[in-house]
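To start, I am sharing the structure in question, which I have written as structure tokens.
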Amino acid sequence: MTLEKPGFIDPVAEAQACFRLVLRTMSSPGQIVTLATDVATPPLAPATAAVLLTLVDAEVSLWLDEPLADSWDWLAFHAGVVRAADIGTAAFLCTTALPPLADVFAGTDDAPETGATIILQVPALDGGPKLTLYGPGLETPIVIAPQGLPADFIAQWEQNHRLFPRGVDLLLCAGSSFCALPRSVRIGEG
Amino acid sequence: MNGYNFAYLDEPTKRMIRRAILKAVAIPGHQVPFGAREMPLPYGWGTGGIQVTAAILGADDVLKVIDQGADDTTNAVSIRRFFSHVAGVETTTRTRDATVIQTRHRIPETPLTGDQILVYQVPLPEPLAKLEPSRAETKQMHALADYGLMHVKLYEDIARFGHVTISYDYPVMVNGRYLMSPSPIPAFDTLKMNRMPALQLFGAGREKRIYAVPPYTTVRPLDFDDHPFSLTRAPHACALCGATNSYLDEVVTDDRGSRMFVCSDTDYCADRRGEMEGDAS
Amino acid sequence: MAYVAVKGGERAIDAAHDWLARTRRGETAVPEIKTDQIAEQLGRAVDRVMAEGSCYDRDLAALAIKQAQGDLIEAAFLLRAYRTTLPRFASSRPVETSAMLIHRRISAIYKDLPGGQVLGPTYDYTHRLLDFALAADADSAMVPAAVPSSTEADQSPPAVTPRVLDMLQAEGLMGAEPQSDAVPGDITREPMSFPAGRDIRLQALARGDEGFLLALGYSTQRGYGNSHPFVGELRMGDVSIEIEPPELGFAIDIGRITLTECEMVNQFGGSKTEPPQFTRGYGLCFGHGERKAMGMALVDRAMRAEELGEDADAPAQDIEFVLYHSDNIEATGFVEHLKLPHYVDFQSELETIRQIRRRAETKPDTGAGEPQ
């Protein structure tokens, strides 16, 4: 039973520590950060679980894809999450496969902050095709190579970035590590 | 602290503020509305900065609080005490030792690093407010990136006075997209914001807005090619440390026109004096 | 040296707080006032602090008034800052003011009406002559004994006192308000945005500053957005607060609070296709606050100008202006923050103005260089 799985042991300190890591990688896109403590709740990876506990609660709507659906009870118990009606209305999406970015709410011109956050659980943050990131937060362009992104990811992201300041923000989680791709970054191949 | 959560705010409130901060970072310079809470300090006295600091602060942080560049001004003392009391964090007056710096009206003279976060207290986050009081109107201007109103204001200043007369809270363009209030820092500090290695977070409690400038983001004062932005600084050296590159407070010393000029950044000044004493020995 | 005198903030703050504590206590030979005395004998002050502090607790409001030396805005601020830390267990069901246990109820538009006119505890017809007997340690023997009021005299007071405006509405003369089960907005959780719905407007006004609403309401009477108001009804009394815990599935009564409600009847709208109807301005506040509820009702009606197809050019009709300036905790903070040091900004203003003056002195006939 999922309710037996604990959440954060020290919720105040762990949520703060996890938030600062999210803030660090959102501020420095692509920078891989690693949690010091684990919240082990399969099918959620520790990083995915911690990020959800840190950011999601009853005041925002969440959408989970099918492979993660077993986590609803755990999330309801520990975070009081509210299920989004569908992909297009969710404030947060937590998935194992990237939905078409065009299907996700990208906010409005006068309230771009309402654009969704996608928490994508991938097999690994290295060993995949190389992506070069440019933009705010980066002193010089950096290269990341996460696995598990769709083949047309760069084209989709280009489309997402073109909406700026509208757009969606992406967090890639694998194991206890994660990195962020805020909508402000541009991504090139290699 | 008795009866209150770590750093005063309850966890759901921190989460709400944290979500706003992350969106602010993802959209540099855009004012994100947030459900600012009543704080035990008055609106206008730093409640926005305090809420941002409370939402990011952890037990390992070292906090510095300045007002007018100084650690010992009354409101800086009051806010530093608040966080000592409700979060028990270590505080410092040394810019280099701080991980989080909350400020009102100044950016420290000592360059900040990527391991530091600068939190600004913001009274009026809307850079267009003095030209258009309606927030419903200015929101549309930001949506359309229509900043003609501000260009006209600067143009009229130049036509009338020969140069732009905005001496503090000088409007800046962030990442080439949003017009932003840098908070009422002197124009002298404006260029420090450009491509600063530290994350800059801005909290406006009464106006219920949070915005951000990520590290290494372009921040350009609004100007014209033939009337470029220029700094103003009292043309003196600090009477205490001799610095000629720092922002100076003008202190009136008698009623016959005598005055002295000293560094506004008290840590910077003390540090320099320490260095000079070291050199002398 | 003068420079040193402006530093030393820590000691200055401690000394100021000590001095404040002594000032608050006053002459120690005079007995210290007790919070129950404030709650019992300064009831209108307690009511105002609860209304503007957005927290119905007479004891805490009395404590805040004592702590703030009777500065009611400061007291409301104390209460707000406490309120914001409280967990939320439940939302109450809408209160039913027609079931109010009436202490006072008047209508200015009918001589008599179902439920009657109940004058209640009002200053309205007192002559404003200082009562020196109150200064002379008057004892409670001088307080008149309670006489049964007209409602209390009845064997069974009416369970329901119908609202006057409902009677007009039943006749088709009063515009109906839209009914909705939607969860109302909450400005204490979500920042205001515009256009602001009436739920948001009424919430902001209910915690708004009494003086601000009084002045704005007054301005509408003097022609700045006039809507020809009549006091359809003003009632004050106790209502039950009910919550419906999801695990129970039915409502339970958790206590009673005193409310003041005002419904203004205003000039009618109408068109070729729609027959004319009166329109409503609504005011409601915690405690006994008639001035507040009436000002609120006037301003609520003024802010409906655009919705009702009227010109909206008076201050009280400008929704954004009213809502952004009605909160006295925000207003007092920002006005008073001007006391904080601003010498960094002032220094840059000094340099700029000196620069402009130097330029004018050296080049008296130029100065205007237009940008290209």
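Letters A, B and C mark the chains as written, and numbering starts fresh at 1 in each.
Throughout what follows, contacts are C-beta pairs under 8 Å (C-beta built on N, C-alpha and C of every residue); 3 or more make two chains touch, one makes a residue touch a chain.
The shown structure was predicted, so the numbers you read here are calculated from the model rather than taken from an experiment.
> What kind of graph do the touching chains make: line, ring, star, complete, other?
Looks like a simple chain-to-chain line, open at both ends.
> From the C-alpha centres, identify the chain that is farthest from chain C.
If we average the C-alpha coordinates per chain, A ends up farthest from chain C.
> Between chain B and chain C, what is the gap in Å from one C-alpha centre to the other?
Averaging C-alpha atoms per chain gives centres 34 Å apart.
> Using the average of all C-alpha atoms in each chain as its centre, how far is it in Å between chain A and chain B?
30
> Where the centres are mean C-alpha positions, what is the separation of chain A from chain C, in Å?
44
> Hey, what residues on chain B touch two or more of the other chains?
33
> Contact residues on chain A for chain B in the complex?
Within the complex, chain A touches chain B at residues 11-13, 15-17, 19-20, 22-23, 26-28, 54-55, 57, 59-60, 108-113, 115, 117, 136-139, 164-165, 167, 169, 182-184.
> Touching residues of chain B toward chain A in the complex: what are they?
Per the touch definition, chain B meets chain A at residues 5-6, 11-12, 14-16, 18-28, 30, 32-33, 55-59, 114, 139-140, 142-144, 175, 177-178, 195, 197, 199, 213-218.
> Which residues of chain B touch chain C in the complex?
4, 8, 10, 33-40, 42-45, 47, 67-70, 72-78, 81, 104-106, 123, 134-136, 154-155, 158-163, 165, 167-169, 184-188, 206, 208-209, 224-227, 232-234, 247-254, 260, 262, 264
> Write out the stretch or stretches of chain C touching chain B in their complex.
Touching chain B from chain C are residues 1-3, 6-10, 12-13, 77, 80-81, 83-85, 87, 188-195, 320, 324, 329-330, 332-337, 340-345, 347-352, 355-356, 359, 366-372.
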